[in-house]
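In the two complexes that follow, chain A is the common piece, with chain B as its partner first and chain C second.
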Partner chain A sequence: MNRKEFLSDCGKIGLTGVTLSLFPWLESCSDKTRQQTSGEKVRMGIIGTGSRGLFHIQHLLQMPNVEVVALCDNYLPHLDNASQYFPKAKRYDDYRKLLDDRNVECVIIATPLYLHAPMTIDAMEAGKDVFCEKSMAYTLDQALEVYNRRQQLGRVLLIGQQRLFDPKYIKAMQMIHQGVIGDVVGVRNYWYRNNDWRREVPSPELERHINWRLYSEYSRGLMTELACHQLQNGSWAMGMLPERVMGAGSLVHWKEDGRDVYDSVSAIFSYPNGVNMTFESIISNKHFGMGEQILGTKGTIDLVTAMHYTDEPAPRGSGIHQLIEQIEQGVMSNSVFAGTSWAAETSSLAAGRPIMQDVKVVSGESSVGAEADGSKELLEAFVNSVICGKQPEKVLEESYYATQYALLADKAMHEGAILTLDEKYKIPYEPLK
Partner chain B sequence: MQFHYSSKNPLYPMASCAFHAMHTRVEMLVVGVERDRGEELAHMLRERVCDMARRFNRFDMTSPLAVVNARAAVEAVSVDDELYMALQLCEVFRKGTYGYFSAAPTLKGAPFVLCDQSHEVRLQSEDALIDLGGFAKGFALEQIVTLLRSEGVGMALVNFGNSSIASIGHHPYGEGWGVGVENPECRGMQAFEVRLCDGAMSLSGRTPSGEYHIINPHTGVKVAQDEMILVEGRSPLVAEVLSTALYAAPASERATIMQSFGGYVATEIYCRGANVKCRRIE
Partner chain C sequence: MKDTIITAQMKRRELMLWLACFAVANVVNWVTIIKFATPWYEVFTQLGYVVVLSFVIYALIGMVRLAWWILNRTFRK
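Now for the complex of A and B:
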C-alpha cells in the first residue's frame, strides 16, 4: 500500500473501523470529506510569509479549493516573495488589519512562537478559522488560553503537528495499538543537526527579528521548535500522558553568537505505567540525525524510517536449509554459508521490514519543512474542516499536550527540577486507545 | 533442539537438526533415513556434543578443564581419557605447526606436561590457561563423523557454526557437497567454492563483526590480518587446527607449516568489497 492508497483507505476504513477511533481527525482528509468539499473554495489569509509560510504556499498552490486573498508580513522581502505567487492578494504589514478584512475566512499563522497565541486568539475572535504553526504557545498559560477560547468561540483550529497526518505514522500507530510490538516499554526521540540554526541577516538590527529562534524572548528553542513534533509519540502509542518531566539543557557549542537558548537538551517524560519517553537534541553533531522509535516487548517500530524490527528475528536461511531445498527439488548447487564463525542474529543487526511501501524518509535536517511529512495532508484537512465548519476530533488535544509538555520540559531544565503538569493545565483528554 | 524431516523427494528423504553448543550453532543433515532413525541420530549427536562442550568448557567451574586450569599449576591433576587425548593432540599439533597452534596461546612454548602413565597434567606456569576453543569444534566434528559412519550413515553434512564443516559421502545430486564461502564484506556473495566429499573444511579469520580474535602464541597478541584462511582435507580436526595456526603464522611461514600436512589444501582468501583474491598456500 503506498501513501496515496493508504490515505484513500483512511477514508474508507476510518469511517467504519477501529482506525477512526485511533485517528478521528483523518475524517477531515478522507475521500468522503473530499467529495463533500469538492467545488467549494475558502478565502485564506497568510500571516507570516517567511520560510515556513512559503513552504505552505507550495502546497496551497496545488489545492484548487483555496484562494489566497491576503498576505501579511512586517518584513518586506518576505511579503514580496509571497506576493509573487498570489499577485492579486491584498498585502498587509499588520496582522490586525488582515483580520479586519472580511473577505478572509481563515488564516495560516506562520510567525515566531511568541506571537502564536495572541495572533490565534485575535484571529478566532475576528471570526476566522485558524491553522497555526506549532508550538501552540510560548507559555503554559497562553496554550490553555488558546484552547479555552477555541472552545468558547467554536472556530476550527489546527496546529502544525503534521505527524498526526503522516501516513507512515498512522500506519505505525495502528500496528502498535494492534499489539504487533507487544507492550510498549520505551519511547526514544532524538533530533541531531550540525548547523548554527541561523538565517542570513541583511542588516544587524534585524538579527533578533529574523533569528528569533535563538532568543528566549521569542522562542523556547529546541523544545518548542523540534521536540514538540515528537512528544506526541508517547501518548499516541500508549494512550496516556506523562506524569513527570525532567531534563537538562545547556549551551555547549554555539556560545559565541549571543543566543540564549540551549543548543543541547535531554529530557525524560515518565508515564504513569513506568514507561519513559526520552528526547535528545544536539545541534553541533548530526551523525544520528532524527529518530523516533517505539520500543515494545516483541519488537521496535522506527517511525521515521517506517521500519519494523522484531526482537525475535527469524534466522536467515541456513546452509542446511538451502541444501534441503535443493535435494527436495532434485538439484544441486553451491550453498553459500561458510564463514569465519557463526554470528547470532541480534535485533540490532537483523534487517527490519518496511511497514508500508513507497515511504519517503524525512531527514530532519531542514528547519523549514520536508515533502511527504504530513504537512500537505494537514493543510488539506484544515481547508476541508473550514469548508465543512467542523473541528476535527481529538487532534487539538494532541497538539495542546505536545506543546504543554515541550514547555514543561523546558521549564524543568531551567529550574533543574522534576515537574508535573499542574491540574489547571489539564484539559479533557480522551486517550486514543 | 530443532528437528525437521522431509520426504518431499521420495528418493532421498532427509532428517535435519539444529541446536546450540560451544557458543555456536550446530546443524546436521542426514540423507536417506527414516524419520525415527533420523530423530534418534539427532538426539545422539546432540547428547555427545553437549557432553563434550560441558567438559571442555573452561568457564564452567565444575568442568574437568576448569579444574586443570585452577589446580594444575601447583599439582599434577589426573584427567579422564578424552581430555587427556585432547591435550595430547594439542601438543602434537603445537609441535607440528611450529608453535602457531597452542591450547594456551597467551603462553610461549609448551604450556603443560603430560604423564602417560597416570594421565596427569601439570601446567608449566601459573599464567598458563588452557582454552580448547580453537580445537574443540574440530574434535567434536571428528567424533560426530565417526559416530554417524558407525551408525551406517552414507550421506550427511554437519555444520559447526559455519566455520567448521564435515561431510560423509556426497550430495545426492553431485559428486560432493557444494559449499560456498561467503564474502564477509558482501553478504550472500560467494568468495570461494569448496566441494566436500568425505572431507572437511575449516575457515579462520576475523569474526563476522570484524574483530581480530586469534592469538599468535609466539607473541601473545592478537593477529591483525584481514584475509581468511581456508583448509580442506579429510579430518575436520586437522582442518580446524591448521586453519587457526596458518592464520596466526606470518605469511612467509605458512608454506613451511603446510609441508607437514600432506593431503590438506590451504587457501588465503582476501576480500575487499566485492573483489576477491585467493592464493593457495604451497
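Now for the complex of A and C:
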C-alpha cells in the first residue's frame, strides 16, 4: 500500500476533521501535511540494519522524500546488506559516530530492546529526530526517562506502534467509539506461533548478539516483542488505562536451547471499570495465530481480520417469511425425537461482516514484519513530522503506556504478584476517545 | 375434439373465487403481522407474496374441485 492507497483507505473510513480530532496523529498523513512536505527531503541515518532495519529500508526505498545518508551496525554482514541499497551512505560501526554526523537529520533505531532508550536519548541530545522500534525501553525507568527527555528537548519521537496507522484499526476504533458494539466488556489479545524464534548464527560467540530476543539481559521476550503491539487496543477502545496487572509465564517447550525468556505467557490487565484485557502468547502452537478482539455488549470486532460480529439476533424476515420458515421447520422436524432442551455454548458460527473493503489481513507469523500492517504509514508519518518539525499528538503517550504495561506485566509474571503502575511512571494522558 | 365454451358466468365465478382467495391471503398476511409482531407496512410491501399465496390457495381449491368433479362424474355413471 502506498501513501495514495492509504489516503484512499482513510477516505473510505472518512478521514475527516472529526476523525482527525479523535485520532490527531493522523494529521501527519493528511492531505494538508502531504502538500506541505511535497518536494522536501530529509537526510536519515539508520542505526541497526538487521532484519527489522531491512524491513524499514524496503519502505524507505519507496519514499522520494527520504535520503539515507548514514548506516550503522556493529555486525558487518548486516551493514553490508544495507549498503547494497544505499551505496553512497556513510558506514559506521558505532552509533555515537553516526550521531556526530551533522548531515544526519533524523534516525531510525532498529536495535535490540536494551539499546532503545540509551540510543534514543543520545540521538535526541545530538539534535536528531527519532523513530525507534518498539518497545520504547527495557525498563520502566528508562521509558520514563525517554519520555521526559523528549519533552525537554522537543524532538520528534515516534515508536514503532504501527497499528495506530493501520486503516482497519482506525475504522474499527471509530465504530467502537460510536457504540456499534455497545459497551466494551472485554478485550482479548493472543499471538501464537510455532517456531523457536531463532535466527541463524554463523558462529557460537554471536549467539547472544543475534538471538538477543531470547535472553532477558537484552529483551523482555514475548511481552516487549509481541504484546506491546496489542496492549494499546484496550486503552484505545475504552479511553482508559489498566489499573492492575497480573500474569504467569513459563518456559514450556523451548527449554533446551539456553534461552531464559518465557515461551508461554498469559497476562490480565484489569481496567478501573472492571473490564479485563487479556494477552496470551505461546510459541509452540500456532493454530489460532494472531487475534485481537474487542468484545461489546452488542457485538465483537476482530481487529486483525477487520470483521464485525453482532450478538443481536439477525434481522428476521417479514411475517409471511417467518410463517413459511415455521411451516418448513414443522415439515422437516423429526416428530419422534424432539431437539435437545439445551445447546452447548460453543463459539458462535454467525458470519461476520467486514468493516471495510479490501482488507489486508496479517497472520502475525513473521517475526520481521508484515506488509500493509501500518508500518509504512507510520514511517511516512515520521518523515512528514520531521519535515514539519511537529510531533504528532497523543501517539507517543500511547506508545509509552504500551511499553510500560508490557514491562509491568513481565514484572508481575516474574514476581507472581498483582501490580499497579507506580504514580511516578504516570504521564499526562488524554484518552483516544 | 369439441370446442370448449367458457361462459361469462364461469369467468365471473372464477374471478370471484380468486378474489376470495386473495382476500384470504391478505388475512393470512395480517395474522402473520400480528403473530410475529412485524410492521404493518408489510400489508403493502408483501403484496407480491400475497398474490402468489392467493394463487396457491386458488390452485389448492382447484385440486379439491377437480377431485369433486371426478368423483361426481364417476358416481353419475
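In the analysis below, the second predicted complex is superposed on the first by the 384 of 433 C-alpha atoms of A that agree within 3 Å, B and C clash if a C-alpha of one lies under 4 Å from a C-alpha of the other, contacts with A are read in each partner's own complex, and residues count from 1 in each chain.
Keep in mind that, in the parts below, contacts are C-beta pairs under 8 Å (C-beta built on N, C-alpha and C of every residue); 3 or more make two chains touch, one makes a residue touch a chain.
It should be emphasised that the depicted structure is a prediction, and the values quoted were computed from it without experimental measurement.
Looking at the superposed arrangement, the partner reaching more residues of chain A, out of chain B and chain C, is B. With both structures placed on the common chain, the touch criterion links A:203 to neither chain B nor chain C. In the superposition on chain A, A:323 makes contact with both chain B and chain C. Look at A:84: by the touch rule set out above, it reaches neither chain B nor chain C. After overlaying the two complexes on the shared chain, residue contacts for A:331 are found with chain B alone; chain C is out of touch.
Judged by the document's definition of touching, chain A residues 318-320, 323 lie at the interface with chain B and also at the interface with chain C. Partner chain B is touched in their complex by these residues of chain A: 318-320, 323-324, 326-343.
Remark: chain C residues 28-29, 31-33, 35-36, 38, 42, 45-46, 49-50, 53 touch chain A in the complex.
Taken together, the chain A residues at the contact with chain C in this complex read 316, 318-320, 322-323.
Touching chain A in their complex are the following residues of chain B: 4, 6, 8-9, 11-12, 14, 16, 18, 24-25, 27-29, 31, 157, 159, 161-163, 165, 171-174, 177-182, 184, 188-190, 193-194, 201, 203-209, 228.
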